[in-house]
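The same subunit A turns up in both complexes below, where it pairs with subunit B and then with subunit C.
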Partner chain A sequence: MALALQQLINGLTLGAVYGLIAIGYTMVYGIIGMINFAHGDIYMVSAFIAVTGFTLLAAFGVSSVPFALVVVLIVAVLFTSVYGWAVERLAYRPLRGSTRLAPLISAIGMSIFLQNMVQLTQGARVKPIPPMLTGGIDIYETAEFTVRIAYSQMLIVLVTVGLMIAFSWLITRTSFGRQQRACEQDRTMTALLGINVDRTISLTFMLGAALAAVAGVMVTVYYGVVDFYIGFVAGIKAFTAAVLGGVGSLPGAMLGGLIIGLIEAFWSSYLSAEYKDVATFSILILVLMFRPSGLLGRPEVEKV
Partner chain B sequence: MMLQLSGVHAHYGHIHALRGIDLSVQVGEVVTLIGANGAGKSTLLMSLFGQPRVSAGRITFDGEDITRLPTHIIARRDISLVPEGRRIFPRMTVMENLLMGAVLADPRNLDVDLKRMYALFPILEERLEQRAGTLSGGEQQMLAIARALMARPKLLLLDEPSLGLAPLYIKKIFQTIRELNEDHGMTILLIEQNAHHALRAAHRGYVMQHGQITMTGTGRDLLASAEVRAAYLEGGHAAA
Partner chain C sequence: MPPLVFANDAPTAAERLKDASGVALIALLLGIPMIGLTTADQGGSLQVLTRWPLLAAFIAASFCGRLVVRYLLDALKRRRQAQDRQAGAAGAKETRRGGRMLESIGWLAFGLALVLPIVFSDNRYVVDTATTVLIYVMLGWGLNVVVGLAGLLDLGHVAFYAVGAYAYALLSTQFGWGFWAALPVAGIIAGVFGLALGWPSLRLRGDYLAIVTLGFGEIIRVVLINWTDFSGGPNGISSIPRPTFFGLPFVPSSDNPTFATYFGLEFSPMHRIIFLYYVILVLSLLTNVLVKRLRKLPIGRAWEAVREDEIACKALGMNVTNAKLSAFALGAMLGGVAGVFFAARQGFISPESFTFNESAIILAIVVLGGMGSQLGVVLASVVLVLLPELGRDFAEYRMLLFGAAMILIMVWRPGGILSHREPTLLLSSEGGRRE
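Right, the complex of A and B next:
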């Protein structure tokens, strides 16, 4: 019981992170009808930016955690937005109107480039950060087990929920959001109304990247370490979350993230921690086989 | 001259859809373009926006060469299109569709313009929160027209606005066209299958066949022309 409660808390934290990354997959898919295969790396890159940033700030004697966090977030968001923009500009836009496979291959190319760049500059070793945001609140105690919410978990959930609310508002209530959805539904018509479709697509890539960057920084604070493989796998898990929720659906991405996070937490504590990734990938395969439109996705055929 | 096409050609792959079009519209005119299915009428309107790009020839609007401008920049020259098939945004509400039409407009005009659309098409006001894809065909057509008008265009392009509509709606749409032109001085280029209505509503008309203009004249002259009557009015269906 206590263990289950703890895993619920851990799962929600993880799920929030996956959901945040999954939004980027889903938004890009919504607007150009293709998966951005270079999106998963953004999370890893931003995690490395976080490690470097926190270490540097500590070396310069900055001891205020909120200040360090804000600085690192800004740098990570700026850097990854530019990367998101570049992916669209270099890998997708020049190949629009070509076969569907071509931009996917060029995106994977960019992704490999980025991975190698990170490995070259950061090395393949696991990197720790100076301890930040340690401690937490014990909410439930039994003789053998204490259920605890770490401060870093609270931070992750608060930031994620805040961002998701803000992002949903942006998409459903603002002029930019309407333009974004209009591009999803009929790109030519949107241009005929005077809207710069290319710019809207670029912004979508950048927004998705920015959210993933926040996720990367949060997780670095949470785990206190980052390694290349973790970053890589998290990208794929977020992709699974997007597919499970229904690629193209914003609430679907959030829901998918939560489900994947919970499954992973419970799987690793009750079954096998070594095989937790297998659980996620089995879900990916099952969803693709039996319900490719996902939980909240809309079926391909639509009455107009 | 507000709009001028000179020697315009356009292709879809190897289909040669426009073959040297010369056409002009003056400020304050209603001009209609009639012709059988597949003649290239819709292509002509879309090519004004570079969709597809013309392969030869020149298009000017208010004296400016717009032939090579990006689609959204051409739209910003105050040209609005009600395209073939309406192309409203089906998963947005009626209100959101109207707001999409007003993206370029001065936000201070928004309330006035919305009220004007409600007065023109009262049904839209009743359906503001309904998803546009669930409207009937006639309602969607009205929404497409209202969306185009929200931009306060100088030139309004209409591609078969009466297609598939009940006679009552058709009357309403032609009445709206007349009002926009007479009361608001809007310049209109109208494509119609319904040649009879269109030629009566228009100052001038062009007849199109196989991607070429084959005849032009005042609405009245074309209505009286034996050729036009045989092909487009008395139940005749010319081959494209």
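Right, the complex of A and C next:
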């Protein structure tokens, strides 16, 4: 019981991170219908920016953890959105209107490029940072086991929930959100109505990158280690989450992230940690067999 | 008529500078966190190091690079516009001649492949690299059936490559099977795996299919890593027997006749290398012939029809399920056969060789080559295998350049190096049939 509760907490934390990254996939898929394979690497870039930022602040003698967190979060979001913009501008915009596979291949190329760029400029070794948010709240105690919510876990869940609310508001209530949804439905028509489609797509990439940046900073705080390979693994998991929830659906991405986080947490503690990826992908395949467009995805209307 | 040049076609110097400054600004923002700053482990804890001169160089390079590239692109565009105006309708005949030229290039490539080991008979490196190219050609042709012909996006092709390689490794080390006996069996096993993957994903479209195939590839790899009793885990399987020449092994000396003694030759390690080269050459040529013939059979037509319009196929009463499953099974089988050859050539396999990167490269070969084009696959394999090889001098930059090259080739030719997406069979405007 206690163990299950603890795994629930761990799973939700992990799921929140996957969900944040998955939203980037889902938004990009919704608007230009492509899998942005480099998205996981954008998240990795942000984690590296976070490491540099925290180390720099520590070198300047900033000891207040909340202050450091806020500063690093803002800096990482800003720089990472520039990366998101540049990736779209360089690798995807020239390919708009060509076959569906062309941007996929350039995305894979971009992913390889970013991974190796970071490896070259930042070094191939694992980067550890000193633990920042230690401690937590013990919520349930038995003789042999204490269920504890770490402060870093609370931070991740709170930030994710906050971002979710802000984001739903942005998409459903603002002018940019309307433009974005209009581009999803029909790009040509949207352009005819005087909306700058290129700008909307660029902004979508920047927003996705910003969310991935938040996830990157959170993970750096939570795990305390970063290396150039984390983007690939997290990217695949988040992409799976996006598909599981239904590509193109924002609540679906979050739901998919949570499900995958929970599966991983429970599978590794009760069955075997080695096979947790097998479990994740098998459940994905099973779900898609019965709901081919994901849990919350709209069934695709086939037009002839 | 002299080419028309409009005043606003050529940007002024000020506009060019402004454009390049914008790029330099972006370069600055991109560069600060990655090039300007870095962290290094010093005395047990991380320290931030700065590299401002490098950052300045990067920005200057972006600025100048943008000026030059913009200028060249503009010049190219203007020249092309002028040419287009002059050429007019002459372009239509080009494609016909292009098709015939491609065919002769194909024969030329075949001839080169045939004589390559004879010319370079004492250069092991060249023959080895050529063998690697041919493995990728074969993998590319296998995946081409799935992606290029049937239009099913498969991101886990490496799974079948792995299944073939492990099937041969286990059959030979555990049960003593020979290369030639194991080849078809391992191919069939991989084909069955293809069916196993194809069946649950029949209802899926596009990117849902992509993630399922990717997941399938990862499942196979994770199982191979962790099921130590079966696959040797991360250590892999070693001392896999090499193929023999009709029972004659390629070993320096033994009691039984070897390849060298039987033909009265002096033993040379190159014999095996060259023999392996011809084996994969024959295997890939068989693949080519098979796929080419299949394209002309009803099943091949069905693949292309499913690719072009699935709903129309269903409406016409075609069995879409069979078409998709057979494409998956055939692609998987060809991948499996390539895997057998890979295992026999390396003599050692481990899950390391079957990562997602490998799938990505095979898919890149198909797409870069031009989907559905057989010769394009060959060209793309040559480029993608030779690129990292040539880059060995820059060691750590080679994967960086590899990624950049993938983007550049795609941006340069979005349809692939040899784009050939048109269906084999087309209703032409004259109402006749065109092959």
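The working rule: the second predicted complex is superposed on the first by the 288 of 304 C-alpha atoms of A that agree within 3 Å, B and C clash if a C-alpha of one lies under 4 Å from a C-alpha of the other, contacts with A are read in each partner's own complex, and residues count from 1 in each chain.
Quick note on the criterion: a contact is a pair of C-beta atoms (placed from the backbone, for glycine too) under 8 Å apart; a residue touches a chain by one contact, two chains touch by 3 or more.
Predicted model only: the values in this text are computed from it and were never measured.
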**Request:** In the overlay, answer first, second, both or neither for which of subunit B and subunit C A:Arg181 touches.
**Result:** first
**Request:** Check the residue A:Pro292 against both partner chains and state whether it touches subunit B (first), subunit C (second), both, or neither.
**Result:** second
**Message:** So in the superposed three-chain picture, is A:Pro130 touching just subunit B, just subunit C, both, or none of them (first/second/both/neither)?
**Reply:** second
**Message:** A:Asn196 in the overlay: touching subunit B, subunit C, both, or neither? Say first, second, both or neither.
**Reply:** first
**Which of subunit B and subunit C A:Val225 touches, first, second, both or neither** = neither
**Message:** Looking at A:Val65 after the superposition, I want to know if it touches subunit B, subunit C, both of them or none. Which is it: first, second, both, neither?
**Reply:** neither
**Request:** Once the structures are superposed on A, label A:Leu101 by its partner contacts, choosing first (subunit B), second (subunit C), both or neither.
**Result:** second
**Complete:** Overlap of subunit B and subunit C contacts on subunit A, residues 302, 304
**Message:** Quick check on the complex: what are the subunit A residues that touch subunit C?
**Reply:** 29, 35, 45, 48-49, 51-52, 55-56, 59, 79, 82-83, 85-86, 90-91, 94-95, 98-106, 108-123, 125, 127-130, 232, 236, 239-240, 243, 247, 272, 274-275, 277-278, 280-282, 284-285, 288-289, 292-294, 300, 302, 304
**Item:** Residue ranges of subunit C touching subunit A (in the complex, touch as defined)
**Value:** 26, 29-30, 32-35, 37-41, 45-48, 147, 153, 200-201, 203-208, 210-212, 214-216, 218-219, 222-223, 225-226, 309, 311-312, 356-357, 360, 363-364, 367-368, 371, 396-397, 399-400, 402-407, 410-411, 414-415, 421
**Request:** Name, in rising order, each residue of subunit B that touches subunit A in their complex.
**Result:** 49, 51, 70-72, 75-76, 81, 83, 87, 89-92, 96, 99-101, 103-104, 133, 147, 151
**Fill in**
Note: in the complex, subunit A contacts subunit B through residues 175, 178-179, 181-182, 185-186, 188-197, 302-304
